[in-house]
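Presented below are the structures under discussion, each in the form of structure tokens.
Presented sequentially are two complexes of chain A, the first with chain B as partner and the second with chain C.
Then we have the complex of A and B:
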């Protein structure tokens, strides 16, 4: 697989799996406006995954659906941060902010790519991601505005910090640390990143659910 | 012989599947129409990438061209060329009449939360500008929810993209 396909596949897998995780809030978020917000964010992320899978599929002579659903869980390239199932609000917001911040940095690099297809898709994605970032920032502000919120967010960020570092390549990690420390107004621990390729048990569970329909009615079946 | 103008006129009759008052041409999502050897080539970009209506829209365009007695080849282009600034003045007016506040022009720099919260939006029902952002997200990816303090009515606003 080319370096390009490898990179795009990793990002596509991040967006697909995070899209699924975000969609798990549909109907059970703390209030209705957040049901709407997380559902909409999930739809965007899965749309981004589709566009990236299509670029990879063209190169590999396959289809976006086959890439998204016909691989084994261990073949996915997503970062463990997006695999975690966090049905607790402060952790959800912590992951949301950490992921969107890392994603902004990664997209900035892709937008500058000399491959016009990659740069074009990244720029279009970034227009939508701007709203995800605004939403994440709004929630961080809200949590930081009370003692309880600050304590919960702080604990969640510390727990997820090694995972957040694992989203990015080594050269981008110092910038993520700088941005996170500035935003939270404190130092973050020196830790070993949780790298891509190591999967959380939660991914296998998600995979079972995500691919169930396709496995029960394989491609080519008439619906 | 089908002309480029015939094709544009036919495409202008295709409603957006989620906001049917506005056509694909009003939305500015048809980027180019070319005719070569009797084949109509259409370049099209979705407003949002997670648009669930991508295939129905492609089929609708093919059907319209088919009615003109030609064959269409619709290519989906994903790049940075479309923004809400591409919505035509007629399209903006149609949105307003249907109860959607049209998007504000895209700022030169980065779009941020403060700008989105402070932007002046006129309530499409009573015309007051005493409105506030209720939710960045709405029933479809392209919309946000605002609330009018004057007539106490929530309304939908097209996101600036």
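Then we have the complex of A and C:
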């Protein structure tokens, strides 16, 4: 697999799995408006995954669906951060904000790519991600504005921080730390990143659910 | 208790804004995100107006003690008068709804 396919697949898998995880809040988010907004963000992430899978599929002579659903759990390239099942709102928001912050840096690099297709998809994604970031930042503001919120966000961020570092390649990690520390107004722990390539046990579970329909009616089903 | 924001949406440029519904949100920035996702994510709007409900002044009483029907558009029928006028002018048959139809 080319370096390009490898890189795009990693991002696509991040977006697919995070979209899936975020959609687990549909129907049970803290209040109705947030439910709609967070579900919509989840749909956007899955749309981004599709756009990236299509680019990779063209190169590999396969389809977006095959890439999204026909690989084995261990073949996915997503980062452990997005795999975690976190049905608790402070952690969900912490992950959302950490991911969007890292994703912005990664997208900035892709937008500057020499490959016009990659740069084009990245620019399109970034226009939607801007609203995801706005949503995440607004929640961080809100949580930082009260003692309880600050404490709950801090605890969640500390727990997820090694995972957040693992979303990015080594050379981008110092910048992520700098951005996060500035925003939160405190030092973050010095930790060993949880890198891409290892998987959480939760991924296999999610994969079972995500590919269930596809596996029960193998390729050829028309909707 | 979070305030309620009323949302008005414009479907196409140049058209009037119409009431779309409302969102409950702790502040304006949340209201903006929620309104965008609820009333704009399907490309159904080109612009939204958000107004805090408590910023609106509602008027809900319109007394009409003497039933001044003549001030209402449906106060009296002009049909008979129009017919008379057309007869006088001799244009009755060309008129829509006239004798010829």
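One rule holds in what follows: the second predicted complex is superposed on the first by the 220 of 223 C-alpha atoms of A that agree within 3 Å, B and C clash if a C-alpha of one lies under 4 Å from a C-alpha of the other, contacts with A are read in each partner's own complex, and residues count from 1 in each chain.
The rule we apply is simple: a contact is a pair of C-beta atoms (placed from the backbone, for glycine too) under 8 Å apart; a residue touches a chain by one contact, two chains touch by 3 or more.
Since this is a predicted model, take the numbers as computed values, not measurements.
The superposition on chain A brings chain B into a clash with chain C. In the superposed model, A:40 lies in contact with both chain B and chain C.
Within the superposed three-chain model, A:142 lies in touch with chain C and out of touch with chain B [touch as defined at top].
In the superposed model, A:31 lies in contact with chain C only, and not with chain B.
Applying the stated contact rule after C-alpha superposition, one finds that A:23 touches neither chain B nor chain C.
Contact with neither chain B nor chain C is seen for A:154 once the two complexes are overlaid on the shared chain.
When both complexes are overlaid on chain A, the residue A:120 reaches chain B alone and has no touch with chain C. Of the two partner chains placed by the overlay, only chain B lies in contact with A:51; chain C stays clear of it. Applying the stated contact rule after C-alpha superposition, one finds that A:131 touches each of chain B and chain C.
Once the two structures are superposed, chain B and chain C can be ranked by residues of chain A touched, with B on top. Superposing on chain A, the segment of chain B with clashing C-alpha atoms against chain C, chosen from 23-31, 77-85 or 95-103, turns out to be 95-103. 33, 36-37, 40-41, 131, 134-135, 138 are the residues of chain A that lie in the contact sets of both chain B and chain C, per the superposition on chain A. Across the interface of their complex, chain C is touched by residues 31-34, 36-37, 40-41, 131, 134-135, 138, 141-142 of chain A.
For chain C in complex with chain A, the touching residues are 23-26, 29-30, 33-34, 36-38, 41. By the touch rule above, chain A contacts chain B in their complex via residues 33, 36-37, 39-41, 43-48, 50-51, 116, 120-121, 123-125, 127-128, 130-131, 134-135, 137-138.
Chain B contributes residues 45, 48-52, 77-80, 82-83, 110-113, 116, 134-141, 145, 159, 161 to its touches with chain A in the complex.
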